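First the structure, which I've put down as structure tokens, then a few questions once you've had a look.
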Amino acid sequence: MRLLFIGDVVGRAGRRMLRDHLETLIEQHAIELTVANGENAAGGWGLTPDTAEEIFAAGADVITLGNHWADRKEILPYLDRHPRVLRPLNWPGRPPGRGLAVVEGRSGCPVAVVCLMGRVFADSLLDDPFAAADQALAELAGQATAILVDFHGDATSEKQAMAWYLDGRVSAVLGTHTHTATADERVLPGGTAAITDVGMTGPRDSVIGFRPDLVIQRLRTQLHVTLEVAPGPRMLCGVIVDVDRDTGRAVAIERIRLEDSG
Amino acid sequence: MRLLFIGDVVGRAGRRMLRDHLETLIEQHAIELTVANGENAAGGWGLTPDTAEEIFAAGADVITLGNHWADRKEILPYLDRHPRVLRPLNWPGRPPGRGLAVVEGRSGCPVAVVCLMGRVFADSLLDDPFAAADQALAELAGQATAILVDFHGDATSEKQAMAWYLDGRVSAVLGTHTHTATADERVLPGGTAAITDVGMTGPRDSVIGFRPDLVIQRLRTQLHVTLEVAPGPRMLCGVIVDVDRDTGRAVAIERIRLEDSG
Amino acid sequence: MRLLFIGDVVGRAGRRMLRDHLETLIEQHAIELTVANGENAAGGWGLTPDTAEEIFAAGADVITLGNHWADRKEILPYLDRHPRVLRPLNWPGRPPGRGLAVVEGRSGCPVAVVCLMGRVFADSLLDDPFAAADQALAELAGQATAILVDFHGDATSEKQAMAWYLDGRVSAVLGTHTHTATADERVLPGGTAAITDVGMTGPRDSVIGFRPDLVIQRLRTQLHVTLEVAPGPRMLCGVIVDVDRDTGRAVAIERIRLEDSG
Amino acid sequence: MRLLFIGDVVGRAGRRMLRDHLETLIEQHAIELTVANGENAAGGWGLTPDTAEEIFAAGADVITLGNHWADRKEILPYLDRHPRVLRPLNWPGRPPGRGLAVVEGRSGCPVAVVCLMGRVFADSLLDDPFAAADQALAELAGQATAILVDFHGDATSEKQAMAWYLDGRVSAVLGTHTHTATADERVLPGGTAAITDVGMTGPRDSVIGFRPDLVIQRLRTQLHVTLEVAPGPRMLCGVIVDVDRDTGRAVAIERIRLEDSG
């Protein structure tokens, strides 16, 4: 069966890419389950109930989040009510919401989704993602053979280490957060599909989704420059992981990139 | 004319990839000039005179470096004598060596190479790379139309910001340091070829070149675990930038990836 | 002659300490010139024109700032008009305002004040403070024998290094930013008075000026918890540096701490 | 009863201060138990079995450590055998040794010592020190009324937050790591003595124990400059906490500073 994962959806541009292209992708590839990282869906920062609903309406089955998960206060009560929106499992302090879910796919196959966050270069002090992964797998035992992990982090070393750490124990470890797709998708020897970063779904001519001039200004002045989601052509970055239904092992991973001049 | 850039060469595995494949690449693609990032060439950390000679012997015309440029003490005097080995231009404190060079290509065309380092998430306190880039371009005025910048850094935002900052002013801004190729190679509107990271030349089945088990152990114990360059199949990651000889503008950028099971 | 320096003034509590005690301090110790760090004067973050006027009205001659210098947008034009409010000299990107001033003391003696910021552990990417100090001293040559440096930073290593670097070249290197007075005030062999941190002027029963429960909550949840300046008793932390009028050398440095139960 | 805590002992200079002055201090103040932070005792980095023995021979009852706890490989087996040498309790990955101890004082009174490490600005990714503190107190319940916590960290905010967090639950929260004594010793309302940093025991004319010229060189060049423990006069920094034997509450805290021209 095939799982589709969509990288960080940025602002309205990203949501429109889902609205305009997700159903087609799902049909074309006979996708069993679709997961989208929505941590930048609301104007570039965080997720609101409305933008979450838009992403679900576009065809996603599960929304994962990252460091921006709590940027919008209004999402906190929503998270408690919606078991298919996941914040990082290893966020400290028993926050609202949850970090993993088991969801039925189109054909009724259960698929587990886990949302984890890396700690290297992170602004936040988080619990150990390796320990959290171990606990998640223990908790998921017997509930699903297919397990998809969104590992949201910056450092390529930590993200690749997590992929090797979970190799043979999950179906896929898919990196997010850098908003830049990497060209290293592969199936590791144990049967875990991995990519260091899936990339972004949003404005193409941008610096990780934002207007280049404003990012440059912020870097050069080190002042509070308000970033804006960039205008212009849009792109969608994702991966499709083909998983053996019986064993949960990945058979293949393929990078997807669509562009739309808007 | 075509410029070939090879991403961070890691250890003996990386040097062997150059030895075995670089000449063929240069011939096949009629490369005018070849640049290789050599900051990890000596056992994974730094560059020694011997490993520099190996890289030159394999066909590289210029070696760029990064945060590991001074890991090996013996390279310091070598840098002063070898104008084609470049350390980061924006390293503070007037260090040995230089950060830019103008080199004649195979057909006699002058090509400028600039080595810059990003500051976001860097362990070192560096001078402003944007200001250094401006100064480098002023210094290079009239010396070469083709200008290739190796921007060695971690944060995708800073690296993409630099590409946009230099768009139309240099032929290419090629990211290094994460040891993971990104799939975002493109020519920006002003004619500058860009990629967030060229990736690594070294062991394929690794965490950024090193044995996964040791990286995992280091992350989990937070102790001084000595990393080792991984065994097994090797890969070469690079890009070829096609540059208009008269204007210095990039016409195309293509990612290269070779594997060799050793 | 004696120079009085007041550590980071935090919120209304800090401003009230100045209003209630500064004039007495100035009279009692026959202070020639008073400098106060005002980066937290406006509700804990930044300085506004109004709070700057309050601090001047309380008796300060010069206000220095730190990493929070630009937290309030309304201060930017004010800085350009008020040469006695200093932002960090080594802030990048040619920001508004200035980082040094030469001011006449009560008896007409010129005193130079320099505002510098450290880079170790700083959130901002700044220019080299050591180079900036050298330039400041070159610029100040002949204008004042007494030179007071506010070095705003976190790392004790960098702050002590700056004191030794400037020993014999300035009258005092006074650390700020940690909001916690250190007990290491001393005159270095070359005649420069130094203290790693002068401490804070604001709420005593606090975590660096803020309500402990909120700081704990922020640390434990890693969420956006809005900090509030703590209620209760107030304190003033400062130092008095006795400077030889002819040579600019410090003769003595004394820590000051006043409390006021409000 | 009185507990004596000695701040980070740096190199031979620090060990000599203990050898020459500790017994006198213990006698003069009728100290029940002495704890010394030894993380820099061996040449500035780490602790060896020999330097540990020296510190015990000088009169210390317990040695605490910090981020440099594992700098010397030879200490690892020693830690498992010596329950009075404590590494940070919240170090991840189940390392050798332990992070707390209950020790009998001179008069037979049990005193608990806990070694914790802060995470803000730390180079290492550690477990939550607040959670670790809670667990330690649960484990210590009924074993000792007097509890002394060494909280090794950089950020004044985190260290003061920990003191307030544990106020009324432990006898003292004593900060270490910055090698610079703070002047904020106090007994919090709940009866916990606190100081943000106890300071260092080692070379006085130094940058946190090391030769100023070398630290300056390292900061300015950003190169691998080997630091050396500074020569010259030595100092000892510590605090004495007076604890009510029955309740475990602190009655007073006094800063100690001795100098010795060597």
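Just a few scattered comments:
A, B, C and D are the chain letters, set down in written order, and residue numbers restart from 1 in every chain.
In this text, a residue touches a chain if its C-beta (ideal position, glycine included) is under 8 Å from a C-beta of that chain, and two chains touch if they have at least 3 such contacts.
These are the chains along with the protein names UniProt gives them: A, B, C, D = Metallophosphoesterase, MG_246/BB_0505 family.
Computed from a predicted model, the values in this text were never measured in an experiment.
Within the contact network of the assembly, the step distance from chain B to chain D comes to 1.
The pair from C-D, A-D or B-D that reproduces the interface of A-B, where over half of the contact pairs by residue number are the same, turns out to be C-D. Comparing the chain pairs C-D and B-C, the larger number of C-beta pairs in contact belongs to C-D.
Averaged C-alpha coordinates put the centre of chain B at 43 Å from the centre of chain C. Centres computed as Cα averages put chain C at a distance of 30 Å from chain D. Within chain A, contacts with two or more other chains are made by residues 92, 120, 125, 128, 219-220. Residues 70-71, 91-93, 95, 124-126, 219-224 of chain B are the ones touching chain D in the complex. Those residues of chain A lying in contact with chain D across their complex are 92, 119-120, 125, 127-128.
Partner chain B is touched in their complex by these residues of chain A: 120-121, 128, 130, 154-158, 160-161, 164-165, 178-184, 189, 196-197, 199, 205-208, 212-213, 215-216, 219-220, 255, 257.
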